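One chain, chain A, appears in both complexes that follow, with chain B as partner in the first and chain C in the second.
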Partner chain A sequence: MDFFLSLVIAGACVGSVYALVAVGLNLTFWTTKTLNFGQGAVMMLCAISTALLTAQGLSNGVAIITGVAIVALVGVIVERIAVRPALKTAGSMGWVIATLGFGILLQGITSKFFGSQAIPFPEVLFTVQDVIDIGGQNISLQYVSIFVVSILIIVVLEALTRYTVLGTAIRGTAQDMELAIVQGLPVNLIVSGSFVLSSIMAGIAGILTAQISGTVDPAFGFELVLMGFVAAVLGGMGSSAGALIGGIIVGIIGKLVGGYISTAAEHGIAFALLIMMLALRPEGFFGRAEVTKA
Partner chain B sequence: MTSSKSYSSLTLIAAALLLASPVASAQPTIKLGMTTALTGPFNEFGEGNRRGVVLAIDEWNKKGGINGRKIELAEAMDDQLVPDKAVQNMRRILDNKDIVAIIAPAGSGPSLATMDMLEADGRPTCNPLAQSPSVIYPKGKDQPPRKNVVSMAITNESEANRLGQILGKQYKNIGVIHESTAYGVTGAELVKKSIAATNPAAKVQIESYNQRSQDMTSQVARLQRSQVDAILVVGLGADFAVIRKNMSRANVKVPLFGSTGAVTAPYLEGAGDLAIGTRSVSPDAFGKRPLSAYAQNFVDQYRAAHGTDRWYGSDAANPQISMAAIVGNAYDCAVVLLDAIRRAGSTEPAAVIAALNQTKGLAGIAVPSITLTAQIHEAFKPEDLGLFEINKSAAGALYLKPVVE
Partner chain C sequence: MNAMRIFLTKLATHPLALLVLFVVVFFGAPYLRGATLQILSFALVSILFTQSINVLTGMAGQISLGHAAFFGIGAYGSAIIAKTFGLNLFLTIPVAAVVSSLIAYLLSYPAGRVKEVYLAMMTLGFGQIFLEVAREWTDLTGGVMGLSGVPSAGLGTLIILGHKFSTIDYFRVLLLITVCSMIFIRNFSQSRLGRSLFVMHYSELAAGSVGIARRQTKQLAYALSGLLAGISGGFYAHLVGYLGPESFAISRSIEVLVVAIVGGLWSSAGQVISAIFFTFLPEQLQLFAEYQFIAYGLILTFTLILFRQGIGGLLFLPPRFIRQAWLTTAVEQQRQATAANSKTNEPQFLKIQSVSADINVQAITMRFGGLVALNSVSLDIQAGHITALVGPNGSGKSTLVNIIAGVFPPTSGQVFLQGIDVTAQADVEMAKKGVVRTFQDPRLVPHFTVRENIMLGAHAMMHYTWLEAGLSMPRVRLQEAQALEQCNEILQLLDIEAVADQAVESLPYGYRRMTELGRALLARPKIILLDEPAAGLSDLEMTRLAEILVKLKHLGITVLLIEHHMDFLNGLVDEVVVLDSGSIIFKGDMLGMRQDPKVIAAYLGDDEVQHA
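Let's look at the complex of A and B:
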């Protein structure tokens, strides 16, 4: 039981970070039907900025806020230079390559200026030795805090999009951009805002993941964005609840496969799930099948 | 008349200088080439290797080079430990026919990717770091080695035998976590064999991970469930730090061992104080006190060139043990190649290889006494490894301290 629980807890924790990444991907999918495949580099940039700033003596809080502010700005830039021009061309190849390329560029710039070595990441939410005893089972407070923070952010974001004017505007733009323009909504600003929010989600996911690994390097984040993508597809593209459930499912199943079957299969199982879902239910658990009127 | 004589004398002197200097400067340099991980997440190995080679070349040049010819590292290319990049770089190095000897990449993956090219080319090559046995003995240890490739690297076999003996003698149920590369897979298999040879009753459970995994709960939980009484990690430093942190979260408190590649700066930086108590085998050149005169000279030269940096460590009096396996090995490679060129009196591959095969008792850093024959192209011996444990100094620095077995 201890074994099972430890795998489920670690899986739920890691899965909640995947969910955060998936929600970030969903945000840009709502407004522009695009995904920022450079999100991995955004996670890396936020985590490395935070690590470097704390190493310079800044408090954890100030370093995190600065790191998140940096990637929020990156969100504006990626929308302006990688996505907006690519959307003028037909098909999805343009923005896929442009966002991927932007991510690689960010990695390269970071390597050039800060080196390629792994940098120790500070313990911002408890230490690895902090544990809580639940039913005789030692549970890491770092895992618990990562799970709680991720869920909290997703819930707040969902409430914002459902119950605020801003959220209504975002949903309006998502449903019909042309009508939103006719109605006088600042669509460009909303689209930019969705990329900013998406980058902030990625940045926070980066900081939370760096808590688990303890180090960050320029290649950090690439695998996470793939896992976030799997979570988003599994839950249903565009659905926050789906992203949350999808992320946690991917996390827990990965750990259970790693624990009970083979650690070598831990990462592969996520992609097996992705293939199965695309074959059996392409719209995911919570997504709706797209209907195109003739 | 006087001035005419003076002019004549000056003309003669100038002519003599002109005649003499072109002879000296026309002597082509002896060119070495290397591709290694100068940047990227594993550049502690590649950049360390480059520094070792440059240090050896500078020393030989200060002594006048070889037969009046200066030595030059003509190509030092960056492959980031990526096999594809290493192959491209090696192609360019081999296309330069002026390069007479080559230092192989800093890892088993890129080395294995380039070895067939190097063997086909035939120029003398030295492997500083790749531990996979196939690098030198592609058809097995009972078959002849690649003719033109020698190795100063810790061999997987030496490391595994040493670790297997230590673990097998002390523990009954041992967990091994290894990275899913040639280095990790071969290392884990060899350790398992060595443990079985030392203590046939000992149980060994093996788990694997992909490099740069951000969470290793499954691996640690599986070993915890099996109630292992010691864990060995065969991998690299940053991943080892993740494993150590996972062990702490899971409250796994068994003795922890790491391979030489695992107990490096990224492990100490990533795991911090959690690294204290971790044990590892490593070349013991810098673990002995006093240092041998040869090692002391190397240490002094390195410190003069680079100071107390990431490779040397912060304590000027006590260089990091790992420097022998990361910088010292490449230094040994350059020295063994240059020594063979000197003895051969030629840069012709066949002559240099013949001289390499007659290397006997040459002083080195990672390998204190280098001996090679036509059959034995791996200079490293199990007795060159010492057992070390990570300690914390009064100044708060983490360092490897020799363990008396």
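Let's look at the complex of A and C:
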């Protein structure tokens, strides 16, 4: 039972990061019905920048802020060069390939200039030794902290989109972009903004995950973004609450499978879940089926 | 520039030139250095693999980010069978390719239900599952340590019927298979099935409207693509002699996409060049190998946006989707018919022999969420009549047409066709029963010519299979020739022979409308449903359209059209039905409609009527 409980708790913590990634994906899905398939590289870039900057002697806080700022900029660039022109000219395949390509480009540049070896990641929040007692379990404070941070960010973001003018504008754009343009909303800015926010979320998710794994390398982030997809699809693309629950479910199932069956199947099961979900209920547990006019 | 394209296209499609090239490479192989031969073999594997993407992504428009999995299934499959049972590759590769094809076929069930983002994610996930299995199923695949000792020509361990296969033998077999596959795919792409993949790419609704079954078409694309990927994987296995799971990771899926996209998504010739280029470059140029990922990233980011047609578009004319020889015959027949000036004839194959069909709609209600689009609508559409459906925007006209055509089932109510209940039957079934429709904005394959688009309508009239198509069996030729003849008659009826072999994307709007009408007609409708056929037409084109509709009526075809243009309807229609807010408010002739107070109110608003 103790083992079971510890798996569940660890799964929920990891799952909260998946949820964070998923919420980031949702943001751009709302505004443009697109996702950045290179989001994994964004996570990697943020985590590696942070690690390299702290290695240069910068304080953790400054390093993290710089790392996040870098990926925020990447968000703008991705939208401008890979998504906007592709949406105009190349149909749906265009942006999938273009964003994927941009991710590979980032990964290629990083491994070219910083090597493809794993870089140790600093202990930003707590150390591996810090533990807290929850229901008789010794839980790593690092795990707890990423859970708290992820949930906090998701809640704040949800509140912002619901209760602020900016949030209303984003939702308006999501509902009907043409109408939003006619109404005089700065749609381009909103779209850009959604990519920036999405990248920031991915960056933070990258830092949080690197915290647990202890190292980062150029290939880092690829599996994480896939897990984010799974979480988003499970909850229903576009739903924040869905992403949160989806993420935690994926995290827990993964850890349980890893603990009781085989650690090798930990990720495989999530992808199997993804395929099954898409086959049976593409709109997810919390999404609504789209009604489109033929 | 264009002269060069014409020359190169002629060269690349000239049988003799290709034969010479083949003979030179086949017999020249022994004179090549071992290393060059090895790289050329890799290039052939890459060409085969790219063909697989060509079918799935280029033709059917289904993106795959996990294609390395099928390649891997072919490779591991053939290697494992060969090692376990000591069988030779002429058995193991086909078996492995069939397994790969089967798995692709199975994947088409979930994948066929999703599109775009979801499909990209699903295939990405599928690729990862395969990779995890290859890494972890150590007993079978050797796990991360890999699978060594695969019979290989390079290592001198490939023995077939007591004869030791040299690298030259291996190269020749591979060359032969690659050429055969390319001919097969070429034939396939110029058949009803190849064309049906393209229409799935651009509009699944259009596919359904002429009786192209969506699910089967996607299954075919996946299975064929899986088969080709499996074959290429199998040859890869016996080329390298060692398989490690990382050879089948996402990077290989990306590599094949790069090769296909740079080559040009439909251009086999372009892809051959691209495959050779990307195989040789990293080997020959150390600098490229170093920056490989950066280069791939740049290529993927910008090619589809800036350089959409790839090498193929640059060097060659766009490929065509009707066999050249048959097309030439058809064009010749058309020219003769024009010379004989037999223009006034109506296409006799369209004539409805028995009593033509009527449609009976009973108490149809359609709700979209909270919106009631149709509220208990009942309507008889008389056989052999031209009936117009008019009404303000949002009155439910298109919804009614969609329900009759089987695009979506009604919330309640029934539809009868010649007295038989056909409620909620899919559009594909309705099309096969003779209910064919056009769309508010033409849904065509933009890079197809007018003729190729119209030929889509003949899909369900032809019955040859994919295998017959690929092998170019006699039945294919017979059926295609007949369809092409009928297509000629339709081109003549619509008066668009002059543009028959131009790509529709280069033509004005009026021609596109006519092309779509032609596609619907070639599907041999008993009832044709036209959604605003006159929208965007010039006065001249409208007059022409009215003449055509009268001819269709003479042939016994029942016509139902949605239209706003009252002058166009005047004197053309037998009956007019007016819808407003989901209910029928008038039924009768044009004159009666113009005087009906309810209709006037619906169109002009109550206030206007009172003040008038």
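In this section, the second predicted complex is superposed on the first by the 291 of 294 C-alpha atoms of A that agree within 3 Å, B and C clash if a C-alpha of one lies under 4 Å from a C-alpha of the other, contacts with A are read in each partner's own complex, and residues count from 1 in each chain.
Note that in this section contacts are C-beta pairs under 8 Å (C-beta built on N, C-alpha and C of every residue); 3 or more make two chains touch, one makes a residue touch a chain.
Quantities reported herein were computed from a predicted structural model and do not represent experimental measurements.
Residue contacts after overlaying the shared chain place A:A82 against chain C, while chain B stays out of touching range.
Of the two partner chains placed around the shared chain by superposition, chain B is the only one that A:S213 touches, whereas chain C remains out of contact. In the overlay built on the shared chain, the residue A:H267 is in contact with chain B and with chain C. In the superposed model, A:A55 lies in contact with neither chain B nor chain C. With both structures placed on the common chain, the touch criterion links A:L166 to neither chain B nor chain C. Look at A:I181: by the touch rule set out above, it reaches neither chain B nor chain C.
Within the superposed three-chain model, A:K255 lies in touch with chain B and out of touch with chain C [touch as defined at top]. Shared-chain residue A:V156: touches no atom of chain B or chain C. When the shared chain is aligned, chain B and chain C each come close enough to touch A:E223. Taken together, the two complexes place residues 111, 223, 264, 267 of chain A in contact with chain B and also with chain C. On the side of chain A, the complex with chain B involves touching residues 3, 6-7, 10-11, 14, 111, 115-120, 128-129, 131, 138, 140, 142-143, 209, 212-215, 217-220, 223-224, 254-255, 258-259, 263-264, 266-267.
Chain contact summary for the complex, chain B toward chain A: residues 39-41, 43-44, 80, 180, 207-210, 212-215, 217-219, 221-222, 224-225, 237-238, 241-242, 245, 248-251, 266, 269-272, 274. On the side of chain A, the complex with chain C involves touching residues 29, 33-35, 37, 81-82, 85-86, 89-90, 92-94, 96-98, 100-109, 111-112, 222-223, 226, 229-230, 233, 237, 262, 264-265, 267-268, 271-272, 274-276, 278-279, 282, 291, 293-294. Listed in rising order, the residues of chain C touching chain A in the complex are 57, 61, 63, 65, 109-110, 113-118, 120-122, 124-126, 128-129, 132-133, 135-136, 205, 250, 254, 257, 261, 290-305, 308, 368-369, 398, 402, 407-408.
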